[in-house]
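Labels A, B, C, D and E are assigned to the chains in the order they are written; within every chain, residues are numbered from 1.
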Amino acid sequence: MTGLLRRPEVGALVAAFGIFLYFSISTSAFLTPAGVATWLYSSSLFGIMAVAVALLMIGGEFDLSAGAMTGTTGLIVGIATTQWGLNVWLALVLALAAALLVGAFNAWLVTSTALPSFIVTLATFFILQGLNLAVTKLLTGTVAIQGLGAVTGFDQARVLFGSSFPLFGMDVKISIVWWILLTALATWVLLRTRFGNWVFAVGGQAASSRQVGVPVRRVKFGLFLTTAGAAWLVGMLQLFDVSTVQATTGIGQEFVYIICAVVGGCLLTGGFGSAIGAALGALIYGMALQGIVFAQWDSNWLKAFLGGMLLLAVLVNLGVRRQAGDRS
Amino acid sequence: SANGSSATGSDAASAGKTTIAMVTHGNPGDAFWDVVKSGAEQAGKDLGATVTYQGDGDPVRQSQLIDSAVATHPDGLIVSMANPDGVKASIEKAVAAGIPVITINSGLEESLAFGAQTHVGQSEYAAGQAAGKRLAKAGATKVICVIHEAGNTGLEDRCRGAADGLGSPVANVQVDIANLADAQNTIKSTLLADPTIDGVLSLNPGIAVAASQAITDAGSHAQLATFDVSKDVTTLIEAGSILFAVDQQPYSQGYLPVVFLTLQKRNGDVVGGGQPVFSGPGFVTKENAAQVATYAAHGTR
Amino acid sequence: MTAAEPLGAADARTPLLEVRGLGKSYGSVRALSGVTASIGAGEVLCVLGDNGAGKSTLIKVLAGAHGHTEGTLLAHGIEQHFASPRDALSRGIATVYQDLALVPLLPVWRNFFLGAEETVGHGPFRRLAVAAMRATTRDSLVTLGITLRDVDQPIGTLSGGERQAVAIARAVHFGAELVILDEPTSALGVTQAGLVLRYIARARDRGLGIVFITHNPHHAWAVGDRFLVLRHGTSLGEFARDGITLDALTGLMAGGEELDALGPLLGRPASAGDAL
Amino acid sequence: MTGLLRRPEVGALVAAFGIFLYFSISTSAFLTPAGVATWLYSSSLFGIMAVAVALLMIGGEFDLSAGAMTGTTGLIVGIATTQWGLNVWLALVLALAAALLVGAFNAWLVTSTALPSFIVTLATFFILQGLNLAVTKLLTGTVAIQGLGAVTGFDQARVLFGSSFPLFGMDVKISIVWWILLTALATWVLLRTRFGNWVFAVGGQAASSRQVGVPVRRVKFGLFLTTAGAAWLVGMLQLFDVSTVQATTGIGQEFVYIICAVVGGCLLTGGFGSAIGAALGALIYGMALQGIVFAQWDSNWLKAFLGGMLLLAVLVNLGVRRQAGDRS
Amino acid sequence: MTAAEPLGAADARTPLLEVRGLGKSYGSVRALSGVTASIGAGEVLCVLGDNGAGKSTLIKVLAGAHGHTEGTLLAHGIEQHFASPRDALSRGIATVYQDLALVPLLPVWRNFFLGAEETVGHGPFRRLAVAAMRATTRDSLVTLGITLRDVDQPIGTLSGGERQAVAIARAVHFGAELVILDEPTSALGVTQAGLVLRYIARARDRGLGIVFITHNPHHAWAVGDRFLVLRHGTSLGEFARDGITLDALTGLMAGGEELDALGPLLGRPASAGDAL
């Protein structure tokens, strides 16, 4: 019992179940195939990033630039293909390289200055936000890139990032598949590989880890690069879904990812959490976001509702951890 | 003005209550979209229909909101298209599901192609163009356009339109709607930095109030025009501080499509006949400001 | 599992590790000088000294964390100059630091293998050999006489003595011939310290050489074969068990004389019961 | 020398001087009376909050809800006067009470659950953001409150919050006076009163402070209430300056306050920093914000520039601290 | 400033503090029982014991952090049951905890006065008496024989011994008649520990009563008048200086017998040099 309660994701699982039941019963559309497909899709985009951010948080760091980075990658592909006529696949690689570069920059600054990652990535966040807007405006004259659908090769890449397939009468977006795969992969990496072991160790006690030979610096680089890679993937999934991207894409989402991870049981202080928890956190967020639409609530209350949910979730998690006698 | 407890809705004859979903690209708290929402809700009240409203400036999330709305099988769907590509798939899905769609505000060009029945309103670009022309007529040559939400496509379109209407380049100045006092500073600084500026175009009534004060503080002689009206804006127009306000009549952009979709459900009417219905732009000037003021106070202008 | 003939007693003639006139300076600070000592298989060398005596500095040299700046260091009779802890480790010298280098929230078995995880499979399918590592952890601990309820519990929930035991077991498991323990008993109560001393005895009986750093002469006396006493970075000598008494050791290491010298300043007569 | 370098605000002072020189030389409007009045006013609004947030950070806590709270207070006064016809002064008191209530709620949650204030105030931030919008809409039918100028008593209160007076040819806004007074007061409190001593102690080592009898809980309450009070003041200064308030007021500003405090030398980890440093941080921010406008740079680059500045500032501070041999 | 007749020797007849059959249980855990001891002005009572012996529990009771559950506690001959540290403090009993309760980044003088700042002025103009506090800090430290370069330097930059001294000086300054020191020398080297012992002697010479907790019998012997030895929560007796020897004390407190009992398990004969 205590063992079960000690799992990071228990609180989130209970909450997810509760929210699912609530909206299933109180609205008619929530459980329809189209409804399920929508909230799953909504969750998946938050979820992919939330899982990456959760890994980073378990490793003891933050990334506030993750949201803006999803925009950056989309914009790079958009500009490279529509403005420079670059091949879609090349553009994809270029965007990935740029994202990884930013991730590496974050990691390098954090590991070599020992500054808190909150401040370092806050700076990167501002820089990316500015660049997204200014460079896009400079190169395209507008703040949104359109006409991607007409780019050659777009449809091929769309199979990977923007397609959907029928399942149980639902029109399942491919991003849901990515989400499930990545959550599974992240869980596997965390629990069943050396790197995962090191992530927990580095977040739990960096000094001790270094002493027994864990390459702390490399682990942190790996984590920031993972977040950057996830931001690229989400950027692509969004881009190929709607075939357009705006300069403001992703701003404000960094908090959502952190919220999902925390709701899923990650400790802000590192060393504790799970990928499944973060995925559940995103599921809760996605269900709530779309459930409110199904329930036809006034959307003005949305933020207040989400804030209350966050508060409730951390208090429940706290209670669960206290129950389990874990004082760390 | 519209009476909330009008009897038209109570005897709605058709099967069940009419529900109409509206999904726009307006972020929560946006003054313009709030009036659109008010219009739609009032129409719902007047006609005995349920109107739901959602908005998100991000095309991915806007299309998700559309999908969710479609999943509830409304009797009609109203969508604004700041980024037509972004919502295309979702709109087509709605059309395929047999839900009548009306587009509003921007997206006039793509509306019919996406399968919408008609378009209500007028593009931000066209409204901007009209404002630009009017400023030119008032003698402005060097105009700044104040963008209060960085990267907002609708606002960028208005400024682009204004430049084209004016016939000379317009410099965009970025401020933050979340900090009006500092927005005022930035406008003032801009005017101080370049005293030759003789026109300011603001895109939000709150910013207009701040801009009017900034012009006074900077000792500038720039003429001020704005988008959208509010109580304070009408007062300032009457006082001559603001030259005119472009009124896209957002209330109609919200009200009319609800009426159209309700009529269609009850009566099979297809208003517009494939042609767009223009909701504006109206101009609020010294002449009609007093009249508009009463409506603005109620959040309907 | 109780006391037995040291397995490695036969090899005890060539010492596992020997230092002659060893010294270490940090820049201008001479933290250690002129230390001579040796340790064979199945032997326990106790290093005693007050705070700042240079114990940690000596260990760091032996463990390969710092290079020495004077004297010679021989492993299996061959002169060495360790460049890194990995270097020392590859010559069978493992170190258990005072803070144990454990991650409190991680399960026992993950801590046991941290930094040296066992894997199965190849390429992208290489994964932790979880079952094997769990079993190994349990077995290694049992060998030292510890039975845990659950090797999956966070190591932070173990008692201090149990944590020491895990760290020792880890060093032993990873093929160390020589285990250096930095003050393993200093944070423990009598019972727990007794347990750790027993684990040390067990490890010694299995033929390992042990360097046991402590500032408690009683603990040293309970398991030590040789005693190296440091003060202010210099050696006060290496003593065999039969060349010294516990009292003498106690007096030597706690700085009894120095305190006596302070006596008048403290307003006390030079104490009657002092050991030296 | 080392003693001087050890002061938290040295880095900020040097940076402020550099930015001042740069814009003075490169633009013509920056040093004109009207120009100075503008950037001083801009700095003052950030500065008042930054000083309060700096106190809080020295005391080891965060407040992400501070920005939204400036909106809340303005909205309360707006609604109370224009909708309910309340006396302006009564409305002011009502708004202050509400802000203090939110501050007390934050403090209570943080001190009684030991949850990180980052998460607690993030939740409050969301809740306030939602309430600002939904309640305003519910009560007024719009998302912005106007017509305040016509409220009786408005002009009296304006003397305190929205007036300006001539000085050296400048039209000095009263908020600059508030800013200077509050910075001086905060400096005095920090360095010359018991409470200030306790703030440093609580942020530096809460456990030790508790042992010697410092009322840790009360100090944290005091700090959160101070931030709330400052949010109220800034809300009023903005409200009476532009006589209108939007439901979205203050959102996103919470980061700016933290940035100013950090640029001014506050440690994210608590126990170190100064009110003057935070005020200088705000001065830098205000000068940069308006300087960019004076220099007629493309405002799209604004965020990127500010991000770069933040990065530079923390790196300089880090360097200064390392020089001073301070390893904490 | 050197050794002198204890000033308060005349008052030594009614003890400052006396405990009789004192005991303390945490729920079902009996951490301390049957402790009897007394301490007069100008006396040093040393409390010795291994880890977990109950030393901290005893202090917590004396300092008012926990109430006792058995026996009686008398201050100046009057029975007391302290409800809080403030309560004990108001009766002249100050405690210097092992972690010293210092804030590393704060200047020395601010730490000195933390929680009991001196102020001047009234109402809203009440402010710290900075100059006075600086001077007091410097003077108090000088009285104990410490001269700091700068009372404005962060206390984290002082050495361990200096920090102890500041903490002791603080206790003395705030009117304590009885100062309880929890292991003030355990983290210090010989020289620094010697300094702290000298500070203790100075404080004693100024007529204070001192309860000195330590696990180093040499340190205890250097300044102690009486010795209270704890083991497993029970008192092994309170000894006057002339009623015991250092050796006996050493054996008693380090648990020599227990280790001897372990002897066979450790594969060693019962050690010849042991003290009991």
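The rule is short, and it goes like this: a residue touches a chain if its C-beta (ideal position, glycine included) is under 8 Å from a C-beta of that chain, and two chains touch if they have at least 3 such contacts.
This is a predicted model, so every value here is computed, not measured.
**Student:** Tell me which has more C-beta contacts between its two chains, A-B or D-E.
**Tutor:** Pair with more contacting C-beta pairs, A-B versus D-E: A-B.
**Student:** Which chain's C-alpha centroid is most distant from that of chain C?
**Tutor:** B
**Student:** Could you give the separation in Å between the centres of chain C and chain E, each centre being the mean of its C-alpha atoms?
**Tutor:** Centres of chain C and chain E (C-alpha means) sit 32 Å apart.
**Student:** Could you state the distance in Å from the CA-based centre of chain A to that of chain C?
**Tutor:** Taking the mean C-alpha position of each chain, the two centres sit 46 Å apart.
**Student:** Would you please write down the residue numbers of chain D that are in contact with two or more other chains?
**Tutor:** Only 133, 137, 300, 302-303 qualify.
**Student:** Residue numbers in chain B touching 2 or more other chains?
**Tutor:** Correct list: 28, 150.
**Student:** Would you pick out the residues of chain C that each touch at least 2 other chains?
**Tutor:** Not one residue of chain C touches more than one other chain, so the list is empty.
**Student:** For a test of understanding, state which residues of chain A touch chain D in their complex under the given definition.
**Tutor:** Listed in rising order, the residues of chain A that touch chain D are 109, 113, 115-116, 118-120, 122-131, 133-134, 137-138, 255, 258-259, 262, 268-269, 298, 300-308, 310-311, 314-315, 318.
**Student:** Within their complex, state which residues of chain E touch chain D.
**Tutor:** That would be residues 85-86, 97, 99-106, 110, 113-117, 119, 126-128, 130, 152, 154, 156 of chain E.
**Student:** Flag every residue of chain A that touches chain B in the complex, lowest number first.
**Tutor:** Residue list for chain A touching chain B: 27-29, 32, 34-35, 37-39, 41-42, 45, 129, 132-133, 142-144, 146-149, 238, 241-249, 290, 293-294, 296, 298-300, 302-303.
**Student:** Please give the residue numbers of chain B that touch chain D in the complex, ascending.
**Tutor:** Spelled out, the residues of chain B in touch with chain D are 28-31, 34-35, 38, 150, 172-174, 176-182, 184-186, 188-190, 192-194, 205-206, 209-210, 213, 217-219, 230-232, 235, 297-299.
**Student:** So in the complex, which bits of chain B are touching chain A?
**Tutor:** Residues of chain B touching chain A: 28, 50, 52-55, 57-61, 63-65, 67-73, 82-89, 150-153, 156, 160.
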